[in-house]
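Each structure below is given as structure tokens.
Okay, so subunit A shows up in both of these, paired with subunit B first and subunit C after.
And now, the complex of A and B:
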């Protein structure tokens, strides 16, 4: 992990080999600075001192807690800050018995707990201070933040979401790259139950999500989603015992199979015509059975084959071919809309 | 048009959680239909769908067709399953007191075009 940069002029790319991963993490850190709030990373366990305490107490406190400064609090309000620098002045004057009030800094720079880390970074860069008190909306002292806290906050957030989400997405979109075979494919299988309108479309929805994750162009995922959804609803509405959907994903083509074991379609040619429907009134009330399903599918896919036999069942196969720059799982991740 | 403006114009009530709402999502046009296959066949991405149908299949259809928001006409209230699925898919649901004809007219008058076309080949 590179050092985080708090100055205004970032020399961060100097002398570094920028890998994809590093580039990814840099933009993410910048994003995080605008997402994470100061209160999420500040130190909340407060060590404070009263303005009436003698300076000798400060010496003890700094030594014991191994810190270089302490906020001074009076009547629950931030009154000042006392640091090693102030202590040195006091030692030179030999006044360890005088109260903290005399040596504390009262010209205070502070941060708001509800502000984003970018504010803290700017303030650190501008003032050159090492630690800043954090106040809430009622101006009450709620924490202390150091540059170290910010770095730690970034690291934690990066570890969490960069590793989980970005890497997962990256891996999915490059799924096929490192696997060597004469022909590699990924098969998704779904079982569809007859008349299960409650879950109707769940398979299509998952297939669409999977394709997007694999880096498919949104328009391609939409076309396939619509085609599979129509096929899925056909199984739910018409197939006696429901059916199955298999989607075989290869980098350059996607094949979808939907089949059932009955009742079968009497006249396949007729069924393909727009408006032809055998659906009941009940189905039509649900918004389906307009007789557009198979016609819709044929417009969404590049190849479609429908085979059916009365009493045996129906098999529908669909194919979509992907151009080179649209391929899935090979790192051609499309830009999200 | 964004969802807040849509709620204003339809004099509608937002049925999904506010937290599931993306205020920056642009609604590029509209489409009115009760037959989901017609929606799947003719709607273009980023449209508002006006419908009298309130079952969960409306949301599934919207998912597949990249619909930006759904408005239920004639003050219809969908069942909980529909709302839950919409929240999961981050598609805002609105119930408007107007009928489909009046609602479409009002939205069209604000300059929102029709997004009902044949699917791109």
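And now, the complex of A and C:
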């Protein structure tokens, strides 16, 4: 938030190194500037003064309410704005008895209550003013807004975002806790298309993220991510009709099934050997087909079974057992981090 | 040795900006163009040096939590790949030098694991 400024230029273009974290929050703030309306953050309890009141009343009002400016209203209409600056001019002239009308600013810049914060920020930047009156669609004064109100509005919205994310995380990491059954599990299904290198790794990335959300230890999520990735790429490269991956998550074990009705593997035992590959030259150029896939999987999981029949298809099942302190969806996350 | 220093010393082009490059300290390195070998060999928080530049390197880096990918010999990933890397928080760096030179430099700088 320290970089929330009101210049016309977005902060990211100010020619300085902005860390990713900062960029992230700025992006959200920029987004919020187009989501939050002025009426949501403006001060609605209006303190106003009549143009006929003496300037001495302004002194009292500013002191009493601890504010630095007040809108001047005549016959329910905004007539001007009077601020400390105007007051100083008045004091210099020693005219505390003269009416507000004489010293108020009438060259009025105002905002519409239905506009977004970005409008307010632009107007603050353009005019250099500290506060702006806000009018509704009938041009009636409904509030006043300062840069401070905007900053506070952003902070509140960001805090809300943060809180929501916390709640979501908490809920996910306790998913299994309140559900009673003899055996509860969560099944994630992914369809994998043949030669879809564009989306290669999408299923495994999503599974890894899901596990992290469920409170899995990062080490465990990584291990399962690698195993699923290899299975996923095998389907993309070899399964000529594509295939599917199911991941069944239970608190104490994760089972992964990858199957296809593709060409099948001629010699399963041979295929398990590191370095054995049937991938084409084209596939190898992309960096696949090192013959390490199945071997990698065997390193990452506790149990692995590969069944295949030529012309029928291939089924690969993998299991990972979780120790008590590794269980997912039972709220262990907080202790791990 | 931070990622920042490595980027400066090796004059690497930044394709996707690293998060807090001054605070990331790669602990090891791995060089291979075969993705499965990388899956086996690259440790978490390592630097991966490769001349592969297609979009699957992002998925691999993401699964392995590598600190950054250095793409060598001037190979340039396409827009989609760069976009995906940015989304997934994967740091992509590029250089016109070859992998041997980059690894040699990293070794000189003290990255020897």
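The rule we apply is simple: the second predicted complex is superposed on the first by the 176 of 337 C-alpha atoms of A that agree within 3 Å, B and C clash if a C-alpha of one lies under 4 Å from a C-alpha of the other, contacts with A are read in each partner's own complex, and residues count from 1 in each chain.
Methods note: a residue touches a chain if its C-beta (ideal position, glycine included) is under 8 Å from a C-beta of that chain, and two chains touch if they have at least 3 such contacts.
All values reported here derive from a predicted model rather than from experimental measurement.
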Superposition on subunit A - do subunit B and subunit C clash or fit: clash
First (subunit B), second (subunit C), both or neither touched by A:226: both
Contacts of A:215 with subunit B and subunit C, given as first, second, both or neither: neither
Common interface positions of subunit A, toward subunit B and toward subunit C: 197-198, 200-202, 204-205, 208, 218, 222, 225-226, 229-230, 233, 286-288, 290-293, 295-296, 299
Subunit A contact footprint on subunit C (complex, rising order): 17-20, 33-37, 39-40, 44, 50, 52, 54-60, 62-65, 80, 88-89
Residue numbers on subunit B that touch subunit A, as the complex places them: 34-38, 40-41, 45, 51, 53, 55-58, 60-61, 63-66, 81, 89, 118-121
Subunit B partner contacts - residues on subunit A that touch it in the complex: 197-198, 200-202, 204-205, 208, 218-219, 222-223, 225-226, 229-230, 233, 286-288, 290-293, 295-296, 299-300, 337
Partner subunit C, residues of subunit A touching it in the complex: 19-21, 23, 197-198, 200-202, 204-205, 208, 218, 222, 225-226, 229-230, 233, 286-293, 295-296, 299
